[in-house]
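Next, two complexes with chain A in common: one pairs it with chain B, the other with chain C.
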Partner chain A sequence: MQPTENVLEIRDLVKDFPGVRAVDNVSFDIKRNTVHCLVGENGAGKSTLIKILTGVYDRTSGRILLNGEEYNPRNPRDAKQQGMSTLFQELNVVDQLTVEENLTLGMEDTTFGFTRKTDKINRMVGVLNSIEPSIKPRQLVSSLSVAQKQIVEISRAVAAESDIIIMDEPTAAISESEIARLFNIIKGLREKNVTVIYISHRLDEIFELGDYVTVLRDGKHIETKPVAEIQDRSELIKMMIGKTVFEQYTPREIDCPDTILEVKHLSNHRLNDISFDVSAGEIVGFYGLVGAGKTELARAIYGADNYEGEIVFKGQKLRPSPEKAIAAGIALVPEERRSQGLFTILTIRGNVPVMNMAKISRKGFINDATERKVTSEYVDKLKIATNSVEKEASKLSGGNQQKVVLSKCLFADADLLMLDEPTRGIDVGAKSEIYNLIRQLSREGKTIIIFSSELPEVMNICDSIYLMYDGNLKSTMRNGCDVNSESILHIVTGGE
Partner chain B sequence: METSQMQKPLLGGKLSDESFITVFMVGVLIVVFGIACIFVPNFYKPQNMLNLITNNWYIIVLGIGITFVMITGNYDMSVGGNIALTGVLSVYFCQGVNVSQNPLANGLGLPYILAIGLALLCAMGVGAVNAFFIAKLKVPSIIVTLGTMMLARGAAQVITQGAQRNTSLPDAFGVLGSLGIPGTSIRLPVLVMIALIILAFIFEKKTVFARRIYLIGANPVAARLSGVNVGGYLTALYIVSGLLAGITGILLASEFEAGVSNRAMGYEFDALVIVLLGGISITGGFGSVLGMFVGAIILSVVTSAATGMLFSPDWQFTLKAIVTFIAILTQRFALDKRKG
Partner chain C sequence: MDSITTGVSSKEQPNVTTILKESTILQMDRSATLRANIKRFYIYIVLVLIVLVFSLMKLDQVTFFERGHFLSPDSIINLLRSAVPILTLSGAFTLLMISGYIDLSVGSAMSLAAVVFAWLILNGFSFLPAFVITLILGAILGSLNGYLVMKLRITPVIATLVTLSLFKGIALLIVPDGSSAIKGSAEKVMPAWINDYARKDVLLGLPWAFWVAVLVILLLVIVQRKTLLGKYATAIGGNRIAADLSGINAVRIVGLLYVMVGFFAALAGMARASYMSLGDPLSGDGMELDCIIAVLLGGTAFSGGEGSVAKTVVGALIIICVTIGLMTVIPAYWQTMAKGGVLVAAVTLNHLLVREKAKA
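This part shows the complex of A and B:
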């Protein structure tokens, strides 16, 4: 293998889906032993490009050269063998197996079909150990947190010693301290003759990590240049969407005196005696690192999990069931949109009205025309990119899927809207659309609670910020000039 | 993006996948029917075509319940046993009290109406037992319903001492199964089947209830978080499936004027086959009653053509298997092709 300057050369790459050209004549090079960032809005073609590189999709036309040679992976396994490892956004670990078994999955050494203990396992475990010593090789993966599962996957990719490791939003679900650790590993990879293709919506990460950046928009290649030559975030954002996005918290003019939600001494397996009030019309942000108990709190309020204590909404004690919560006027946008929020095999029309069937039916019979009409309204209102309300939800990009889930919850006509990680894995453009929507809903008198592990998100739009750590509510504060991110980070990492 | 570059889905993409499968299976039906007409004399005659539907009323009635259960991503294997149990009970409840030395001739002496009412309640009870284990205790439905399948048949065998009950019945007993339109092969059970199919079709296309069944099958977690009472809907469906089996059991018992403990052996599998032929996804969230109906007729054409071609009855299962495989493979192929 002669060391060419470019580890990967992409030439005139095209990928068509029925009705959509997802990758449109893309050509660019990736230099050896660099961290090459790939950015673009949702639907820009990043995921499709990655799936072609990893052998999941066949290309429609075009050439790819890996180490100067034609690269045509037949399937993901083939791609891996040719030196292209991937860390996908959706977790790719087997819950029922141990950490050790997951690390060697698909690469086991066998004798007559029985797996053998070899040095490979020790090496893999060694890599894992250097990344996260607290994960034990014999632990079942199902007992790990989302962040820990991701670390197992990262270890697997690192241990495979590929030419290229593709990382699709590796930091979307892991905590700040783990991110710092991961970044150190990624930076170290450059010296180990590994090239990283890094995809992230967190632009700061690109400036911290990247050597080169390639911008895609609407399936087309916009630009590839060294990160050092890019002045700031807004230049990058301009390339991605062609317009500048401004995010700034403006303190609200009116006070909201009426209490709409009272949580009293809420406890369960992950929550520890949590009490707080929320005023009608307020935007409240719960901030904490992964594992702080934000999702568990959202689920408890919504009645999806059991709890001890009392939740009073609009003066009425809530009974713990999502059905009752929706009837009382609460809606939840869940943390994992594909597995908890969306009916992927149904159409957009099959998704949008499901939380408020009464509104599209009479005496239990659905009115098709009304259903179509309201779905179209939400497609327009939230700018869901689709040519038809009859499109299957699985065929939409991540951002548009999230908009479908949001539409679903908005259609429920709730007075209290809870959003768990509403912008995870979503590009800047769609993010600011969602923030504007949240502000507008708040102006219309809706109460919003956001559960987020992104501090800028909470600081940009929330009136009150509640900090969580390890199942406890540690601190509450009004957003404004006296709020500073350092003291917040101090609290959510366990400081007093 | 130019339209000319788009790959055109099969059938212009106007149809939903569900309608596509149904139309496709109608195509398969026409082909199978055509082949049968070539090889079997008189197969094309209207009377024979009518028989293809009327002879299978019981499988179609069961298929309605199974279709909706399967759209939630679950199975109901208990229907065959439930038919036997309900039939036997409907006899036992209205047989005379102490009329004979033979214990199989003695029953509870209830009026016939009350007897079938109670028998139907028991049929729904089997459904409720299914629902309790599946919805409440989260046991996989295939395991639970295989259990209740044997439980129901076992109970029927105990009550009939492993045989049947057919004596000291009231006169009204045989009426339901033999009533019919004079001069035709259309009897009351067939009319019941037609009425149920029409009801099920409207139910499926139009009601909020049905829509929620699809939601449960498409994603049970999201369904619950969207406010669907998943357990409640599953319970209702299993009770309805039990009720449909019960109605079938009562009609069959009436037709034969006997409660037979090994009645309806293997009907649960025939019902499963027609549901699969109809394109209903075993993973849930997809399928239609109309598809199931077409599947039932395909199976009916195959079995009756086999008889007509003087195949020995020993070949029935093999032929059913071949047709099932071919139909389901072509269905998958067509759907994949369409999705590109």
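This part shows the complex of A and C:
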């Protein structure tokens, strides 16, 4: 078969959901053996498009040509067999098995139920070796890092002779050094006759990695062009949101420098003797790479994990329980909004007041009218895009879900608001709304602690920046003109 | 005042609905509404259908039982009287399942309560003290389950399977050797008023036990829909991690639900004992299955999070109608199997209608 120039051609693709057209007449081509980036705000239609390509959703109308032939996968397995592999954020490897067993999982050669050593295994191990020689076939997958697991999955896709590997935010959960390694591998995939569809919110990655970029907005196709023809980030951002959004930190004085939170010699299985103070009204940022212990610190302060040491809040020693922390005036916006922050089976109205039900109930009975009123106030205040407070939280986009979680924490009337990765996986527009909200809350006298693995985020809005590495608090600095990102990166990667 | 929203740079929210043609929206809404309505009302339809089928059968030609029409006042009263234990118990059971937990020991707790209640009355206690003591016992049995599951963190199925055996064992121990139940004998006479509670007509031909069950249901419908307990049960069942991080004390809430289930199991057990005028240590057998099926028929997810006490009641009535209906038309040996068959059909139908389509 003569290989076509375009590995994938999408023509007039439409996907309707009840009340929403998620993909609206999208047409573009993906050239063979390139890295093709897909960008857009949340709700732009990226995930829907990917789910159609991988057979999770049926399209409403339109055509897709894979290698010049009609492509209409019935389900993800079918998509895979036709040459469309996906590297999901939730990795599809079995921790308890070895690398080798994982590579052949589901396609073992067997005799009477016993697995046989065959050429297939050797070929797969060969592919893995050519991609990443440091991973040993006999190693247990549980001993691998997230990035190494991704590499195992990529190898499996390459060995299965996939034409296309779709990567959905592969760098979201891995460290900077591993990102570099992963990028080298992705770049090398071109020579292995593999096309990569790469989805990321980190725009820098697109310039480093991409050959082509397609921008989607509100379900529509905005532009597909070579990355080399794009001048800079702001041009890309303009295409994504149709307007420019930029914020810069301006140094400011804290009015009331009373200490509100004192953390003394905090240690647990992931934290090592951490001490610091936070002044009332301050915005503090904890920055570190993934695995530095930020989430663990947030959870310890909140009382969700056990610890040794002492946490004093407003002069009172805290007891380790989220219930007590909330009562004392602390709220946490957790790292994973869907699995830790949101009740997806409940409506917006069910979610917003849940941390402070006392405020909308009397003697254990909930006052529905107050609940509705309070919820619509937050919907207005935080501009949650919905037509009703009765909409199920699961049906909102990521940014709006995060606003619901934020509302929930704000309604708890906390004086100290901790936000763990407040803008992860959220589009640029919603991000800037959340930053403005944080600044506003701080002006109203709330104390904010942000735990983030995005340096620009911390540098844009935090008054103080605390750097973490491997469970230790390495350095503390006031934000301002003398703060430079190079020295920060040096520290959080383990430099002294 | 500088409100929270000022300074937010994105003025236009991406409003996806605007890009849709009106007609498509209407069409989609209509099919979605239809689906939602089917989901909402089909269980009532199932109940009506089952009642209809049994009513249309010519029962006078059936030789096994000399009974009247399925919908005659007598048989309705009979049906409702037999429904008392499951009506009493399944509401609290629903709340527990909404929170994502389960109690397999309810049948044994019921039996134990029946035995204890009968023993107390046989040994000279008057009604009220025996009633209160048995209720307290039920709450204690429930709190034992709650302790094992919530404090010691034993898997609910295992913990309550163990207590199922334990409660039943105690009930069997209380019954004297050579007897199958706590009942009147030559030496000790069971007071005749023991069956006043579950048999004596107080209103519309129905006894106290029935009206208490109705009250319990109303109470629990309100608890589920209007109170913090109901809301927190949903939150815990819907997302346990988020519930913990939202400061909801799951140990306390679910522990309380276990106590409630034990309490209402005792109430159901006493209704059974009063109805039979004896304390049968096997009288609650199979109750856990009836409760689970009633709850599932009512649309509560086995994994928790969603559910409705009111619909469980409809599910419970379906089970009772099937049981009683079959009793009138088929030989006894076939009844258990036939009941199983009908319930498998009902649960399958429920699953097919209620589940969300994977492909939207």
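Note that the second predicted complex is superposed on the first by the 419 of 496 C-alpha atoms of A that agree within 3 Å, B and C clash if a C-alpha of one lies under 4 Å from a C-alpha of the other, contacts with A are read in each partner's own complex, and residues count from 1 in each chain.
Keep this in mind: contacts are C-beta pairs under 8 Å (C-beta built on N, C-alpha and C of every residue); 3 or more make two chains touch, one makes a residue touch a chain.
Nothing here was measured: the structure is a model prediction, and the numbers come from that model.
After superposition onto chain A, the partners chain B and chain C occupy overlapping space and clash.
Of the two partner chains, chain C is the only one that A:382 touches; chain B does not reach it.
When the shared chain is aligned, chain B and chain C each come close enough to touch A:408. In the overlay built on the shared chain, the residue A:320 is in contact with neither chain B nor chain C.
Looking at the shared chain after the overlay, A:433 reaches chain C, while chain B stays out of its contact range. Of the two partner chains placed around the shared chain by superposition, neither chain B nor chain C is touched by A:309. Look at A:57: by the touch rule set out above, it reaches chain C but stays clear of chain B.
When chain A is checked against chain B and against chain C, the one touching more of its residues turns out to be C.
Of the two partner chains placed by superposition, only chain B is touched by A:390; chain C is not. Within the superposed three-chain model, A:137 lies out of touch with both chain B and chain C [touch as defined at top]. On chain A, the surface touched by chain B in one complex and the surface touched by chain C in the other have residues 16-21, 302, 304, 322-323, 325-327, 332, 334, 339-346, 350, 354-355, 357, 361, 364-366, 408, 412 in common.
Residues of chain A touching chain B in their complex: 16-21, 302, 304, 321-323, 325-327, 332, 334, 339-347, 350, 354-355, 357-358, 361, 364-366, 390, 408, 412. The residues of chain A lying in touch with chain C in their complex are 16-22, 24, 41, 43-44, 56-58, 217-220, 241, 243, 245, 302, 304, 322-323, 325-327, 332, 334, 339-346, 350, 354-355, 357, 361, 364-366, 368, 380-383, 385, 387, 408, 412, 429-430, 432-433, 436-437, 439-441, 443. Residues 2-5, 7-10, 13-17, 19-20, 24-25, 28-29, 31-32, 226-229, 231-232, 234-235, 238-239, 241-249, 305-306, 359-360 of chain C touch chain A in their complex. On the chain B side of its complex with chain A, the touching residues are 1, 5-9, 13, 16, 206-209, 211-212, 214-215, 218-219, 221-229, 285-286, 340.
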